[in-house]
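Think of it as A, B and C in the order they're written, each chain with its own count starting at 1.
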Amino acid sequence: MSDPVPLRTDAVQVASATPPAPGRSRRLSDRGLAVAFISPALLLLLAMSVFPLLWALYLSFTDYSATRGGPAHFIGFGNYTAILKSAQVHQRALTTLIYVVGAVGLQTVLGFAIAYLISRRTHGRGLLTTLFLVPMMLSPVVVGLFWRFMLDAQFGVINSMLGSLGLGQVEWLTRQRTALISLIVVDTWQWTPFIMLIALAGLTAVPKYLYEAASIDRASEWFRFRTITLPLVWPLLLIAVLFRAIEAFRLFDLVYILTSGGPGVSTETLSFHVYKVAFLGFNTGTASAYGILMVLVVIVLTQLYLRYLNKLKEG
Amino acid sequence: MAVSVDEAVSTGPARDHTPPARRVGGRGRSVLEIALLTVLAVVMLFPVLWMIETSIKENRDVYAIPAEFFGFKVTMDHFKDVFVASGGGRSALSVSFLNSVVVAGASTVLATTLGVPAAWAYSRFAVKAKKDQLFFILSTRFMPPVVVVIPIFLMYRQVGLIDSKLGLILIYAAYNLPFTIWMMKGFVDEVPAEYEDAAMLDGYTRLQAFWRFTLPLLVPGIAATAVFALIFSWNEFVFAIFLTSSDNVRTAPPAIAGLIGGTTVDWGLVAAASVVFALPVLVFAYLVRKHLVAGVTLGAVRR
Amino acid sequence: MRYPQRMGRISVSGRKVLLATAAMLLVTTTVAACGDGQDDGAKASAPKAPAAIPELTKDPLTLSFIWFDWPPAHALEAFANAEYKKERPNATIKVNTVPNANWHDAMFTQFAARKTDFDIAILDSQHIGEAVTNGNILDITDFVKNNIDVKAYNPYLLAAYGQFPQAETGKRDENASLYGLPLLGDTWTMIYRKDLIGDKPPQTWDQMISVAERCQADNPGVSGLAFHQANGSDAAAVTYNTVNGVYGGNLWDAKTRKIEGVLNDAAGQEAMDVLVNKMKPLTAKGSGNWFIDEVNAAVAQGKACIAFNWIAASGGLLDPKQSTLGTTREQILDKLGFATLPSQKTNLVPLGGMGMHVSAYSSTANQAEALNFMKWFERADIQKKWAAAGGVPSRTDALESPEFLNAGPFNQVYTDSVPRMRDMWNVPEYARLVDIENTNVNAALNGAKKPKDALDDIAKEQQGVLDSSSRKGGGGL
């Protein structure tokens, strides 16, 4: 991984790669090929992503329930107003916000710091990077289960080590504050490598001559970092951060396994709440509206992400 | 910024870029940095080591307070339990591992077969609103699974795909397709279109040119892309837990999650199952280490 | 200029194809969905099972169950394959297991799909209402009348695992319909350390608390109490309901469907106060997410003086491999005692366990086999064998048989507890009611809510769920 691989900035190359199409027959076959090659993929996406979403959109305006059966009654924006006005939903939104900001913020700082430290090493970078990447490759199920085991207040190894240091037991998963912090810590543990990896890609691509120029000017280290390193890495880092924000916003599995929303409902994220609405009461209509609202947020975040991605690619 | 990045690449290996300030008082700082890195590495890797250690401990030692780091009795029983049922024969866990292999494998094949040609077409032809199409494709990947699972569930019950491997394969393929297209488009872009043009001048059709000249050059890229798709499907939990329920369909993640919540938790078994489950992913990830940045950003960022 | 136009045309035609296909897909599936919707409306009540068992097939047949993953599920599969095969050599029994947290969802998503991979659902007693109202399980009233000797049971056990609408505590309504038969009986047992608090278990709840208090003070590192506090499944809810029952409270007024003002009356408040302010301080730090397995682990590690757990989940405590209390079963039993719950204002205990319910979506041949299995399972001799195999039977003769009473140290506790049982609400809204109670009791136990606020919130929110049948959007929030 230490190999310096070119940071490619391939914009979506519009038409430039397209060869001239002289003959009529070839033109026809090109057209056919493009359709034949692209449409199966698009069809699968339409069937498995777009269509279900449209269906959810339709259901979100009804009082349909997947188990109770009976026809769906159209109830206009009833579900939407109920959700937007619900104090329960506001609470989950706040929890999700704290979680997203906390986790993504923490892993950005840590991930960048690790990447910076690694980029300054001359030896063993490949090995270091590989080791740091292990948590990211694990299934959220494994991560959740195992941290639950380690964070157990009575038998967990974390409290055991704190005990050896003469510190008291911490109720990691059963106090309002610590439970949310634990969730953030575990997510940070798993996803810091992600930020690190991308930051490292940016850092290794910072041209050497810029530093050399700066050192001739006897610029301070901090000045160099602020004026050279950060601006060059920032666009890439921003993409990583947005990417993580989208993923964190959707978080479900870690909550399901680590705290199942507890204590009380204090670590229930929006995704977890949608699950409860959808599968405990089978209020499919409400759950669909709730889901559509979440999708709207995701779309906004995705648009931001794509815009920065585009900027980066076009330079 | 892109310009400077490209120049940087051509100036030579980044390995050489050692900030000159090191010369002054660099030694103490270097030691500090190494120490810091070591601490961070230990923190990051400790849970993994603890998992491995738990998997070879006897259950009685698992709960020991204070925790036992060394000097416990090593046992391989938990690993045996992962594969062999208590009464002999195959364990439910090993069946779920097999299901995971089938589901992840088939969905990857499907996503690759659909994605590679599409990526090639997007790279080579001037499709109208190409950018929009590509961004639309990527955005489908960002839908919250918990939300998608509701209509997917309703859809599957119409066509009888609930609790079937095919159902999981289809949803995973759709989930991996955006990634495959984006990642592969990058690889196709790297292969000059002139190769195909030259072939066509020699009398090959475009399809033949793609098949004979471009595709062989894409094989390493396809392999890397497929491995990432494999990892995503292998680790997936949300769809698996809501769309499957029987032992002969259930994949490994929900099966491992099912190990807790009985009457006693066999943490040694959980740890052993986790190790066995994670091992192939780590091996695969190591194989594609050169493409990790592209892989984890769904092909959006390349280097 | 020609060039982009050409390209434009290509994709337009391509897009048209896509759009048309998508539209077709949308229309067909929506039509299918609507058709299904009307279909549902017609069969909104449970279909009836035949009064007599139809002729059984001679072909090989697999009879599938669904349960959550715990020892009784494996015991059932082994037992049924060994014993039922003697009668029906062509039948194989398969018990599908799902994670406990996923149990309700796994069954009801399949019910919702109108296609089940199981023939017999092992429903929690409180799931019956939801399944019956949605028409997911067979009405077996006539079958029971013709095939089951109902006098052989404590009437409440038959009611608890089969009757809907629900029976009031301890009674069975002879005219109500039956939808299931008992599979595994269960209740809480008190597990106490004989070596720490003496051979005699405390008799009243107050006494139990003070004994635990003293034990905790005398034995550093051992906590006085261990019980279910988690916010998943029905963990914290059952704990509160148990204390509520013991202190003379009521969960609801079933006739008027009132929870508000009933659950949070003076007795209810006292129960919450006892649970949060007297019992919780005696538990281990960080035990606020404990359920069955964590309580078992605490007992096995010698970290609790008195613990409460389901009887069916207590077998693992006697396994020396998992325990630090002794290296043999006898050594462990020297230290562990099992007793019925202490009483206070009442002697109520929680009803646990599950019944067998025939899926309405299983094939006729499998439904016939399922009925035959149930008839077989409820036979006096089979119930005794089930007891000997580690199960908890329901027939009175089996409960009083030496086969059962000698099979485990906690079995006498079950037999003694049968006349004292009380269940939760068995209504279609159960899953939501129990979630509200679970999360709020869990919040109170972990200091996220004041006990009184938690109880008032439970009453208010549960009442809201019961009253929300005429909702206009937002149901389930």
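Annotations for the structure displayed:
Note that contacts are C-beta pairs under 8 Å (C-beta built on N, C-alpha and C of every residue); 3 or more make two chains touch, one makes a residue touch a chain.
These figures come from a predicted structure and were not determined experimentally.
The greatest centre-to-centre distance from subunit B, using averaged C-alpha positions, is reached by C. Chain pair with the larger contact count among A-B and A-C is A-B, by C-beta pairs in contact.
Separating the CA-averaged centres of subunit A and subunit C is a span of 36 Å. Distance from the subunit A centre to the subunit B centre is 15 Å, each centre being the mean of its Cα atoms. Those residues of subunit A in touch with two or more other chains are numbered 15, 30, 34, 38, 42, 47, 50-51, 55, 66, 154-155, 278-279, 287. Subunit B has residues 63, 125-127, 153-155, 242, 254, 257, 259-260 in contact with two or more other chains.
Under the contact definition stated at the top, the residues of subunit C that touch 2 or more other chains are 7, 10-11, 14, 29, 33, 101, 105, 109, 112, 232, 297, 301. By the touch rule above, subunit A contacts subunit C in their complex via residues 15, 21, 27, 30-31, 34-35, 38-39, 42-43, 46-47, 50-51, 54-55, 58, 63-72, 75-83, 86, 88-89, 152-155, 159, 169-176, 256, 259-266, 276-283, 285-287, 289. Subunit B meets subunit C in the complex at residues 59-60, 63, 87, 92, 125-129, 153-158, 160, 162-163, 241-242, 245-247, 254, 257-265. Chain contact summary for the complex, subunit B toward subunit A: residues 1-9, 11-21, 33-34, 36-37, 40-41, 44-45, 47-48, 50-51, 54, 62-63, 65-67, 114-115, 117-118, 120-127, 130-131, 133-135, 137-140, 142-155, 170-171, 173-174, 177-178, 181, 186, 189-190, 193, 196-197, 200, 205-207, 231, 234-238, 242, 253-254, 256-257, 259-260, 267, 270-271, 274, 277-278, 281-282, 285-286, 289-290, 292-293, 296-297, 300-303.
Across the complex, subunit C meets subunit B through its residues 4, 7-8, 10-12, 14-15, 29, 32-33, 36, 64, 66, 68-71, 78, 94, 96-102, 105-107, 109-110, 112-115, 117-118, 232-233, 291-294, 296-297, 300-301, 312-316, 319, 321-324. Interface of subunit C with subunit A (complex): residues 6-7, 9-11, 13-14, 17-18, 21-22, 25-26, 29-30, 33-34, 37-41, 43-44, 101, 104-105, 108-109, 111-112, 130, 133-136, 230-232, 284-289, 297-298, 301, 303, 428-429, 431-432, 435, 439-440, 442-449, 465, 471-477.
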